[in-house]
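Two complexes are shown next, each including chain A; its partner changes from chain B in the first to chain C in the second.
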Partner chain A sequence: MAQVVGQQILRDPALFYWILFPITIVMILTGVLRHYATLLLQSAPKPLEAKAIREQKNYLHGINLRTNANQIPLSSFTSRKNYLVQAFQSGSFLKDPDAKNKPPANPMSDPNGMDAMMNMMKGNMMMIVPQTVIMGWINAFFSGFVIMKLPFPLTIRFKSMLQSGVMTRDMDVRWVSSLSWYFLCLFGLKSVFTFILGNDNAADQTMAQVQQMNPQANTQQLFGPGQDPAKMYLAEAENLEVMVQHEFVLDGIEDRILARI
Partner chain B sequence: MNAEERDLQLYPIVPENLVANSKTISDLHSLSSSLLGIAAGILGLESYTGFLFYLLGTLFVSTLIVTFVMGGKPEVYSRGGWKDVIAADVTGGVMGFVLTWTLFFGLVRA
Partner chain C sequence: MSLTNLLNRFKSASAHPTPSESLSLSQLAPSILNLTITDTPEQWALYESLFLSTLRTGDDTSARLILQRLADRFGNDNARIMALQGVYDECTATNQSQLEEVLKNYTDVLKEDPTNIPVAKRRITLLHHLSKKSEAISALTALVDLTPTDAESWSQLAQYYFEISMYPQAIYCLEEVLLILPNAYNIHARLGEIQFVAAESISNSTSKEVVEKLEASLRWYLRAVELCDGYLRGYYGVKLVTGKLLEPKILAANRTIPEEKVNKLNSVATVQLNDIVAGSEKGKKGFTGYDSAEVAAAKELLEATS
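Moving on to the complex of A and B:
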């Protein structure tokens, strides 16, 4: 008898066809477009000159030797270590050994650094432009309609955000306007893009933001702008020097195999 | 070298394979969370019931993954075992669930 009935609002079903579906379709298509535009705009990383490649690969050689030291016998490890430490300390793999004591170059003037920055700019543009355009479009065309009821209650604080353009003071917060459907699509379409475009897509904006954090990851440059390769070589030589513990994985292999049989 | 590091050296784990496995798991979870949202919307579940439905649904899907996809041996495929399967992609799954839940709730009920 005393059952509280929530507010009932009679809405035109045409609201669904002319607001809800257009917004959803546009959001999905924008994601697909963003994915393919990002693929198109990605410039292939420039091939480095031979000496720069030598510099990077020898640095990687040092790291790999350190991490996989236990896979080779102690004698092999020691001879490799001695060779690498000597080479690192004398700086014979450096791109330009004379630049050892110069201050690092300004990253703005480095052409490789400029390239990385251009890529970041493009990524940013791909995110910001569609977002502003779509929000403006929704605000211009669809503000002021109550289009749907959320299936879960929210606190009163969300009212000004979710009911923007609807000036009704007593309306339940569960009734929301078109802009909130836009936000739901913004955060929730990730799974839809996973079906359409596969797992590694560039369509989702939250994913794009994560990638912005480490732009270094997909360039071939190992040394970021402003880092001095000579100093990194010295540090790596020191790391190799102080590595005293060495335990060959094949030590006692017979016992382990026999124990497993 | 302590025992754990030693174990890792003797029986190494390939990180690429781990990443591929967790991608497969999160794919399955995001697909199933959208479908759960559709189910919840059609059933007309509201507030807590809906979220409870989502939790039970993901638990059910996780058990299915562990028993059928992983053949009952989750520790072979991921480092954390079955906990990784359940915890994979919870936040993204919730957003997809809420999206389809709201859409179908609006279409069917409200």
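Moving on to the complex of A and C:
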């Protein structure tokens, strides 16, 4: 049997105008809409209360002391170390010292964690809902349509990717079904959005600006939900306690300077 | 002029601008305010710097306009905007009672939101300005208890302690700054200065403590010089302290740095200072950018000791 070189399928050109274009345009428009809807729905992260800030910053203070201990004289270091170890162990920097010995609270009941989760939910919803609707729309109206032919040959492996919804075993891989076109748009429109929405992270940029305007807002969480600050403080106290080696950078500085000249 | 050009002019200005420098910056106000608002971080940073410059030169109308635009963009309840508004109120206050009013306003804001750090800092500055020094210090210690990783607060606290001659406390605060910024050579030099002043303040000038403090001061200065080549303030300190250490009243038994090393360090500092003074006066390449007052002081020191 002679090899069929190019399969010929007679297509109505209207397929092109009434399916390929609409799908593409709808995809782009939903992308843009989603972007602005996300911006609208995003709630500003709640600032931390004073006690939470104190808890976090004092923890960082301990880390700073440990990493830069060599910058200060031994006596200064020892007095700071003794004070911090004692304070860390007694838990006086904790947000609520009473909760020290309790098991860590369920992250679901933590209001801060809830907030973050809510935001994540919103983001996911913005992704899932339109996707489901569009896919349903395509499935209902255009399922099984073959709408275009790629201008280049492909191997058989691409069949499942390009011809989903069309169960014809012998059809050339170059034919693309409507559902597949939808998937190609879904994953391939990123650069188009970048072009339209200006680097695509207009959302991020606005956030960065507000952040820049109040760097002291302290919205970021050092202790993630589920982590127990009391335990982290104890671990840090131990880290400080085992620091025995202290080499003050100013020791022998006069020789270093003289050797340099 | 474009936004970046304007921004660079502000960036190249010194941290403590001279009146003429402030004036030339402040006179950029119309050209900056006429630019279209592009809502970029750079533009708002420029607005903020311009705001301070216009207030320094008494151009309150421009300052008002800038503040209005910033508030329109970020909202009146933004912590930083509130602090800027406070600066404006402080600058336009004409008498003591108006300043007291601003202070009361700050206190009210902080009562509602104790985490508003920009306003807390304004309040401390204003307290200090109104000569309520002990209140300023206690407010500042409360602030560093809240955020012990803020270098600005620690160095300000060091300054306040230094002003009331509590040198060990000032040194403690600056050491905290070093824990946060271990390579800040200006802080090292400042520690040297405070140790030196502390040594000078001891009445018994032959005691062991004086030598200890002077040597500590010398080491801090040396570290500053080690971190930053050609640091005039550092070499000035090295020369000054070594000069003190070479005075005959210092007993050899009290020294931990041998006299010959001190001598060598003194000559090293002299050579460096001579270079800097000569280079800066001729405007040689690599010697520009020194503060003219500092160069004059170095020259004076060199002439006094030679």
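The rule is simple: the second predicted complex is superposed on the first by the 161 of 261 C-alpha atoms of A that agree within 3 Å, B and C clash if a C-alpha of one lies under 4 Å from a C-alpha of the other, contacts with A are read in each partner's own complex, and residues count from 1 in each chain.
Going forward, a residue touches a chain if its C-beta (ideal position, glycine included) is under 8 Å from a C-beta of that chain, and two chains touch if they have at least 3 such contacts.
None of the values given here were measured: they were computed from a predicted structure.
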If we overlay the two complexes on their shared chain A, which of chain B and chain C does A:P47 touch? Say first, second, both or neither. second
Counting only touches as set out at the top, which of chain B and chain C does A:F152 meet: first, second, both, neither? first
In this superposition, the partner of chain A with more touched residues, chain B or chain C, is C
Could you look at A:T194 and tell me whether it touches chain B, chain C, both or neither (first, second, both, neither)? first
Examine A:L184 and indicate which partner it touches, taking first as chain B and second as chain C; both and neither are also allowed. first
Output check: A:I257 vs chain B and chain C. Expected answer is one of first, second, both, neither. What do you get? second
Which partner does A:V249 reach: the first (chain B), the second (chain C), both, or neither? both
Across the two complexes, what residues of chain A are contacted by chain B and by chain C? 249, 256
Inside the complex, what are the residues of chain B that reach chain A? 1, 6, 9-10, 23, 27, 30-31, 33-34, 40-41, 45-47, 50-51, 92-93, 95-103, 105-107, 109-110
In their shared complex, at which residues does chain A touch chain C? 47-50, 53-54, 57-58, 60-61, 64-65, 68-69, 71-73, 76, 208-210, 212-214, 216-218, 249-250, 253-258, 260-261
Chain C residues within the chain A interface of the complex: 39-41, 44-45, 74, 78-81, 114-115, 117-118, 145-150, 172, 175, 178-180, 182, 218-220, 222-223, 225-226, 257, 261, 264-265, 268
Flag every residue of chain A that touches chain B in the complex, lowest number first. 16, 20, 24, 70, 147-153, 181, 184-185, 187-192, 194-195, 199, 245, 247, 249, 256
